[in-house]
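Read the structure below first, then the notes.
Naming follows writing order (A, B, C and D), and every chain is counted from residue 1.
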Amino acid sequence: MAYSKNFLIDIYEELVELRLFEEKLVEIYNLGKVPGHIHSGVGEEATYVGTLATRKDGDYYKITHRPVGASAIIGVPLNTIFSEIMGKRDGNSGGRGGVNHVSLLSKGMLGFSGTLACDIAVGVGAGLTIKKKGTDNIVYVYYGDGTSSRGPVHEAMNLAAVWQLPVLFICENNQFAISTHATEGISVENPGADRAAGYGMPSKIVDGTDVLSVYEGAKELTDYIRSGKGPAILEAKSYRWRGHFEGDQARYRDAGVTEEWKRKDCVEKMKKYICESKVATQEEINAICKKINDDLDKAIKFADESQSITVEEIYEYMYVK
Amino acid sequence: MAYSKNFLIDIYEELVELRLFEEKLVEIYNLGKVPGHIHSGVGEEATYVGTLATRKDGDYYKITHRPVGASAIIGVPLNTIFSEIMGKRDGNSGGRGGVNHVSLLSKGMLGFSGTLACDIAVGVGAGLTIKKKGTDNIVYVYYGDGTSSRGPVHEAMNLAAVWQLPVLFICENNQFAISTHATEGISVENPGADRAAGYGMPSKIVDGTDVLSVYEGAKELTDYIRSGKGPAILEAKSYRWRGHFEGDQARYRDAGVTEEWKRKDCVEKMKKYICESKVATQEEINAICKKINDDLDKAIKFADESQSITVEEIYEYMYVK
Amino acid sequence: MLVTYGQAIGDAIKEEMRNDENVIIFGEDVAEMGNIFGITKGALEEFGHDRVKNTPISETAIIGSAIGAAITGLRPCVELMYSDFALVAFSELFHCVGKWRYMHGPEYKLPLVVRSAMGSSFGAGAEHSNCVESLFMHATGLIIVSPSTAYDAKGLLKTAIRSDDPVLFFEHKQLYQTKENIPDDEYTIPFGVADVKREGKDVTIIAVGLMVKKAIEAASILEEKGISIEIIDPRTLVPFDKETVFESIRKTHRVVVVEESNKTAGIGAELAAMIQESMYDELDGPVLRVAALDVPLPYNIALELHCVPDAQKIVTAVEALF
Amino acid sequence: MLVTYGQAIGDAIKEEMRNDENVIIFGEDVAEMGNIFGITKGALEEFGHDRVKNTPISETAIIGSAIGAAITGLRPCVELMYSDFALVAFSELFHCVGKWRYMHGPEYKLPLVVRSAMGSSFGAGAEHSNCVESLFMHATGLIIVSPSTAYDAKGLLKTAIRSDDPVLFFEHKQLYQTKENIPDDEYTIPFGVADVKREGKDVTIIAVGLMVKKAIEAASILEEKGISIEIIDPRTLVPFDKETVFESIRKTHRVVVVEESNKTAGIGAELAAMIQESMYDELDGPVLRVAALDVPLPYNIALELHCVPDAQKIVTAVEALF
């Protein structure tokens, strides 16, 4: 494919934003500013950025616990995100939900269930709404290789397929469910792609360290879905660089393999590509990084200064009425 | 395949036993002798008889609500079966469990969950025991086309496959889940076979109206499983002759199609085969039917005369201790 | 008009579907068959396959997709055939439906209704007879409705479908055929308003679902014995109308709670605990519970009937208060 | 020897695995990682992959296969990482584990244990902090253990693994690091025997899990105020040791039940209802409940701490009884 300069710059910016976001998340966690547990998505940015490059206004998104920074790409204001992560008033639920529940419906975000996979069908339901309205919008439903083993994934996929709903299931295969390697927990090599035929869906496997590979696979499948043909599965192969949560030293795996995967860094790869193809100079790139860095720092400062809600507000948001 | 006379006669006897059992179940239900709801398996006998013809001592079985008479083939005494069906003391749980819970562990029966699919993994657990013992026994896990859509089926299959357990999953595709045709509820044509690849299992589709076709498919897969290669899926295509439960007039479907399927009667087919191949004379066949009929009637009489347990016994069987 | 409880429910659904085209129904066998009890019969013909959908047997997908449809603008009124099967989607109901808005913020509204048929019904056995309201009372963010009459069922279901908060709506199988005269004109019943099904002065009986009928039977027997019974049907267990109950207790000073599920940690546990906590000085005796025995409901019908409460057991409990 | 609650649990598992080769453990991340809290660390090295197995994320398969393994001769001690996730296998636990023997007859024994980590732990949020014992108290056929000390955890887990009946074993995350001196020699603790954690004469506090610690703190504060507290830890919620509780009430005549889960339809509901039903004449006031607020547990730690009971809330409840 031939890409426009703007497209490539946008993609690169989003990769950098997500990378810096995930790094800063670890930093503020280490400073004790995050109440809960965090799951760093460093190294897996291309899966989100590449798929989301196919998005349109009116689409819906069901993201996961990793990387939470994806919500920024989708358009949730950084102030909202960091405030929620720090459990503050200016978060989307005023700090009631927390790091795993950063969300904004007006940007199409459907929310997340910390009880993994219970939310896969939530994306299917949003697909039902789209189908009833008759637009060409779609739903992006992300789930991990580990989560693929849960029953509700099966139920949701079958339902999406029999109802021919506009849903792209994206399996983020970072090869681990906490300490359990995919080959130990999953009976096939490709937990996403190998199961698509069992629902009568098309699928693609893409290189999750190469954002353009992800984009191309996602483009093909989203075009298919937007044309009304029903759901599909995209599987992106990547690797979880850090432990499952911060504090996990990942002693259960070979650190050498991790290092190998780190050399396939999706951000570096893209940087090299846009430099070599002269889409941007090193200076421009520096400026991009600096701007993003500053924006993130500003938001973190904002969130840090945001107040906690008061105990009187604890019952708010339980019911509409 | 070349079959011995004894083998063919045994198979035929079991078909007849199951047919007559299922017919008599409807009869006693209509006489008001069955407290609960029954799901007649008339017309679907070949799936059980054909698969069970591959069984060995020490194997385990997880059957379904249809046909309950399969428990007789597996070896549960008819007196026990009908007593449980009528809710009486001489049933396996003294009438506490009822028609869907006819079972006998000493014959390898694992039990059944009326909450469909919650029991699929029970078969997988029995496979774990077999694997630990190191015998060449296997577990037969039956489930319906409708049940195939439930999440626990997915979880159980994936687990059986990653642990390489000796389990044969048998999808009884009688094309209906109550009123919902398989094509309306399932996104692929073959809910069993089409999903096997997604677990890295082999599969076979067999004609559920032809007991020898079922047997041959089951033989191939059970040989594979007994040799330690892990689980497999067999899908048998049949048709539910009667309503889902007694009282269901099946107005939601074309009665003409039902009639067509009735002409593919598995019992008649086998009778024709053994007559034509001179395995048995009409007289011998009559004798077989009469004997089975009498045995069933005797057991029904026995069960009818069996007492209810007393209210004092209501807490028994809750705990071992 | 004279309608059955089942018809009243079907009518409520169809009326609301006419009122608002965002109301859709889906669940196992709700379309051609009109659900296994015939409750949604006619909906498919009137509203078509886009709004009346059979689902595969996949309860987690039914609830999950109802959430997704609800937050994006539809008003799903979905069905879990038997309330026993609500337990296979327990996490979706307890963690997701109940907490979604709280965890994600005030943009998220969940106008969804989950209907489910509950209760013993002569030999249905331990997995097709459960009443599970109490399990969901421990959840947060849900509304729980358990109507005992056609009138209540219709008015409450219409409120439920119009509610922007998620509602679990439990229908008792043994009540489907009970008949009642209800208004021809449209009406709704608010949540959190108990109904005094019978006025009396000596003992307050709080009864739910089918047990309201049993309590009425017991009240007749007790009347002959000179004991006057007031029967309160909370109708919605969450929100619970404490005030109506407390007012009754200020008059009777004696309470019996009757429910169909087994006793331990059931509805009666919460109500008895709450009442003695709040009204201790008004009580002339303990709050008694009449409930099923703590066993899986037996299949044998004599044992089943022995297990679940009947008028006689209620009478015995009431008499124990004197 | 001085051990943590977490070590005591790990030791109980390993000792029982040495005693009986049919004992196996499986669950998410129990092998190399030794579970996410390190509780099963060392088991893989000692017993190998045949007896110590990681599972995929598939809680229904974990419970289902545990049933199958148990009835065919193994003694699975399985793990559901967080007790919140027990709810995704709720039907398997409630309908199958709890009723299997009853429905199928006395041949069927279910010697299985389901371990699960529960409770609030500073920002874990609404889906990783739940205490769910009360939901299972309404089930039938289960044994429910909720230990508060290393000594109790070890003795009860050994009993659980040896039990032919199914046991849900809830471990509190905040207790894993608490230390205690326990006997070097082997011991077990029977089910259904409560432990008086502190003797006193004015008020009986029944507390479960982490709340035992909070009750002990409260008792010290109250002692200074001249109120003498008896603290009873039931240790097993099913079977429940009524006699120890009743004996205490005959002395104190006042009861407060403390639990960590939210109040409505929680453990305290059942205990309060049962106690006032059985011991009405012995009571000098209502049975009070101290429990979490009825909201999804907030992520913000100040709000979380406001939500769950602490010593001060217990003190307030006790004082309200005078």
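Note that a contact is a pair of C-beta atoms (placed from the backbone, for glycine too) under 8 Å apart; a residue touches a chain by one contact, two chains touch by 3 or more.
This structure is a prediction, so every number in the text was calculated from the model and none was measured.
At the far end from subunit C, in terms of centres built from Cα atoms, lies A.
Subunit C and subunit D have centres, each the mean of its CA atoms, that are 31 Å apart. Averaging Cα coordinates per chain places subunit A and subunit B 45 Å apart.
Measuring from the averaged C-alpha position of subunit B to that of subunit D gives a distance of 40 Å.
Shared interface positions of subunit B, i.e. residues touching 2 or more other chains, are given as 94, 96-98, 101, 113-115, 118, 149-152, 155, 158-159, 162, 184-186, 318. Contact of a single residue of subunit D with at least two other chains is seen at positions 55-56, 58-60, 84-85, 87-88, 91, 95, 102-103, 125-127, 140-141, 295-296.
If each chain is drawn as a node and touching chains are joined, the picture has every node linked to every other.
In the complex of the two chains, the subunit D residues touching subunit B come out as 24, 50, 53, 55-56, 58-74, 76, 91-92, 95-96, 100-109, 140-141, 143, 163-165. If you check the complex, the residues on subunit C that touch subunit B are 28-29, 31-33, 36, 54-60, 84-85, 87-88, 122-128, 293, 295-296, 298-304, 306-307. Subunit C contributes residues 84-85, 87-88, 90-91, 94-95, 98-99, 102-103, 125-127, 134-135, 137-138, 140-141, 238, 261-262, 264-274, 276-277, 280, 285-289, 294-296 to its touches with subunit D in the complex.
Only residues 34-37, 87-88, 94-101, 113-118, 146-147, 149-152, 177-180, 184-186, 251-252, 308-309, 311, 314-315, 318 of subunit A touch subunit D when the two sit together in their complex. Listed in rising order, the residues of subunit A touching subunit C in the complex are 60, 91-94, 96-98, 101, 103-106, 110-111, 113-115, 118-130, 132, 139, 151-152, 155-156, 158-159, 162-163, 316-321.
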